[in-house]
Amino acid sequence: MPNEIWVLAEHQDGKIKKIVFELLSAAIDFSKKTVQEVAALLLGSGLEEAVKSLTPFADKIYLMEDPVFIPYTSDTYLTGIAPLIKEHQPSILLGGATSTGKDLFPRLAMHLQTGYVPDCTGLSFGENGKLVAKRPLFGGKVFAEIVFSEARPQMATVRNNTFLVNDKPDRTAKVISVSAQIAPSIIKKKVTGFEKAAGAKLDITEADIVVAAGRGIKAPENFKIIEDLAETIHASVGTTRATVDEGWRDLKDQIGKSGKNISAKLYMAFGISGAIHHVLGISTCKTVVAVDTDPNALIFNYADYGIVGDLFQIVPALTEELKRVLASE
Amino acid sequence: MEIYVLVKQVPDPEAMIKVKSDTELEIENKYFTSYFDEVAIEAGLKLKEKFGGKVTVLTVDNRRVDALRRGISMGADEALQITDPALEGSDPFAIARTLSAYLKEKSFDLILAGRQAMDDDAGIVGPAVAECLGIPHIHSIIGLEVDDQKKEAKVVREVENGRENLTCPLPALFTCQKGLNTPRIPLVMNVMKAMKAQIKKVDLASLNLKPADVGSQAAQIKVQRYLLPPKRPPVKIIKEDFPENVKTLVKLLREEAKAI
Amino acid sequence: MEKVDVIIVGGGLAGLSCAYELADSGMTVLVLERGDFSGSKNVTGGRLYLRPILPYLPDIWKEAPFERHVVKEIFTAMGKHNSTTFEFYSDRFKEEPYPSYTILRAKFDRWFAELVSEKGSFVIPQKTVDDLIKENGKVIGVKSGDEEIGADCVVAADGILSFLSEKAGLRKPFQPKHFALGFKEVIQLDPKTIEDRFRVAEGEGAAQLFFGALTQGMMGGGFLYTNKDSLSLGLVIGLHALNSKATREEVYKLLDRFKERPEIKNIIRGGETVEYSAHLITEGGIYNMPKLYTDGMLMVGDAAGLGLNMLFTVRGMEYAIVSGVLAARTIKEAKAKNDFSASSLAKYEKLLNESFILKEMHTFKNTLAVLENERLFTKYPQVISDLFEKVMWVDENPKEEIYKTKIAELKKQFFNLETLKDWWQFRKI
């Protein structure tokens, strides 16, 4: 199998996003079977740190250094990437299922007349090294394994925490500088500003640990105990549609069908009944903990561990216990 | 303003889905308009109310048009169904090509779509149509202001941990996210009128598309197998009283699940 | 204000039947249904008796999504640890048109609504009517959200706690003793298994009613109906008894306990519960009926209190359907005269009186009084089963003469003043 596996190296404030390392690690695993080279695709400027961090994870880094790529727009990225792909013909192009990935990849795939599977929760190789992408449909009621036509590259965006970051990456990437040919006329959209979300921790779609409270929290100020817990274990705070509709929490923190899908390593649900539109948003979380006063709450059908109890009693005690245990290491 | 809204009729989130065989699903006959599409329709209607003009809803569907009727009942001026037996098995790229074949003959200021459909949650058609038509697109918008004079839009886009403000020249395509607006609930009389409304049908031939361009033979991606979601083992309810249960939970999370 | 000819509030069986009958009359008819679709908020045990309906609505039943036609009627008196079951079968049940069919409302009402739409009335889902619009005491329209729609006639088909009947001042305040709470599970089971367990042929079904220990001394009973590939199993408990004796939670536990009884457990074995639902049921008979009409408005179905407990069966859906048809006929006549006043709409009550509906409502007017007798649910079912147990139990003791056993027991249990009084009451049904 010739050709390379490429991963779009998304970055923020000069640092490469964790999902990129996850995908490069996966690519390294695949490459052992298929003898392909792994390459990272990096666009932007001021990326010395970023290049360093990528070096053990790839055989090549295609670096397009140009301030025109900051901030991301599909105009610049597509114009920069497309000719590179046409030249090198990678067999696979992966990216994170991030706001950038979801904005760029469908358009890029259409431009390249190739196949693209969004928001994957699994990737594997089928017969003769063809990529098989696994993803949820109907909000997670059914999963599908999807294969590609002959067109190349096979493109996919992947959810956080689908793959583990290799803790002993053994490559040494060669940096290949590519000059970007971006005529100013192709830049249609202009980013005029960015507002960071208040109290910004990691977005719930990117956090390793998410703790959430629903209607059971009873009042917006009670979220303090959840936030304290989150602080202790470096978690992000999510919520359900109930509190968002009440105006207690922001839509960006809503987990569920009309909110976000999260794929955290650990998800803890407090005072959340477990209505179907919420649980479909947590189906790919690795470990789920639920605390609710109702022993028949549906959430327990989707959890690994559960406590039937009062969150107002459990959560502060949990925070204390975790503080104690983590301090003693 | 001339506005087109792309809509899709999808199974109701409450509909039961069964895996009949590797490549066949049985879907309970409950369909509704994808919620994000309603947000898009609402955005189009608001702009029409401000600047005058026309809102057309269109869909590619061989069977159902209730999503189109929903658009009309909310206030859209015209509805269009692109339908053709050859479209069966089309992947999102084929759908995008089909829609673009129709739209490229039209003059428009804005195309709106939902950020993803609630059946496959793919979000491919919107940006792909923009590519086919050679117009700029922005995905997942939560704020929209239009300057009809300058033919420019000010858009707010949802990104991880914040919001990005952009300007974009028109014509353009935007996919809409929940929070952009609250879709209006159609009046009874408008629902009735929509039930009676004529839906214009368009086939592939009138779009100069050949069956080979669309349908399952042209698919870039194909489902090889449907699977039931991975089942979680039954929950371990920690039965001890407080505060032992908290201690046990932490122990399990650290040692057994290795999650903290 | 926009106006149509008829607004029917509620898309259940009564509302849809009225809309169906009016559909090709040239009038614009709107059915406003609060659920996502007709049937989404409707529940029955249950079964539909078809023959009373056929004279009024003959044509549509060939394609109807019935479950099974009932060929077996089963009655079980449950003691605390024993039970006695009577099973009745007749070849006559197999004569077409079949007398009754089990149905599932979500499927059935949905199909019916499609039929109504095809015929020309408009069924509009997700619409709740919040108020009536009146002018000089006459109903001239409805208000849904902020929208006001006028109509020559409003048909209140809004179900058992009809809000419109109150708004129109047509009824006295509801009394808990006139209602029961019915709650059920739909348990999926392979068709062949159902047919084997009930010993019926393919496509045939059974209906089973239970009374006794299962309701823990409260007025009520249990039911079990066979559907194509599922069983409808549930309980009905009098609301008055419920309010005084149990919390809602305990009520749902009753169903769990019922399912644990061997008489039930072995019938539903291997089945999977796929649906829970609950609904109020009228038990008050004619005492729970509002006035049936006023200027510009008619009451149909459950909203008109048209439902009956006949002890050996329950009636309601046939009344809903036929009352809807009769309301439609009344409206057609009123339209011809362009007179929707109460005196014109009074024709509706006349038609109801001439039909089986009010005739039966009157015949069975004493049912509630009889049902208020606690011994029906405690002593009598226990005694019946204990009697059989005494006769059927064989151990090391030599068996006594059957007659002696029976007489001794009968004397003890039945020949007392209390029982005699009860018998006197039962005569009233």
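Letters A, B and C mark the chains in the order given here, with residues in each chain numbered from 1 onward.
Everything below uses one rule, namely that a residue touches a chain if its C-beta (ideal position, glycine included) is under 8 Å from a C-beta of that chain, and two chains touch if they have at least 3 such contacts.
Keep in mind it's a predicted model, so treat the numbers as computed, not measured.
Here the largest set of C-beta contact pairs joins the chains A-B. The chain with its C-alpha centre at the largest distance from the centre of chain C is A. Chain nearest the geometric middle of the protein is B, using mean C-alpha positions.
Distance between chain centres (mean CA atoms), chain B to chain C: 42 Å.
Centre-to-centre separation between chain A and chain B, using Cα means, comes to 21 Å. Centre-to-centre spacing of chain A and chain C amounts to 53 Å, using the average Cα coordinate of each chain. Those residues of chain A that touch chain B in the shared complex are 12, 71, 73-75, 98-100, 102-104, 106-107, 109-111, 113-119, 126, 132, 134, 136-149, 151, 188-197, 200-203, 205-206, 209, 233, 251-252, 257-259, 261, 265-266, 276-277, 283, 286-290, 295, 300-309, 313-314, 317-318, 321-322, 325-326.
Residues 2, 4, 30, 32, 36-37, 117, 122, 124, 126-127, 144-145, 147, 149 of chain C touch chain B in their complex.
Every residue of chain B that touches chain A in the complex is listed here, in rising order: 11, 13-15, 17, 19, 25, 35, 91-93, 96, 118-128, 130-132, 136-140, 154, 157-169, 172, 178-179, 219-230, 232-233, 235-238, 242-243, 245-247, 249-250, 252-254, 257, 259-260. Within the complex, the chain B residues that touch chain C are 12, 30, 32, 185, 187-189, 191-192, 195.
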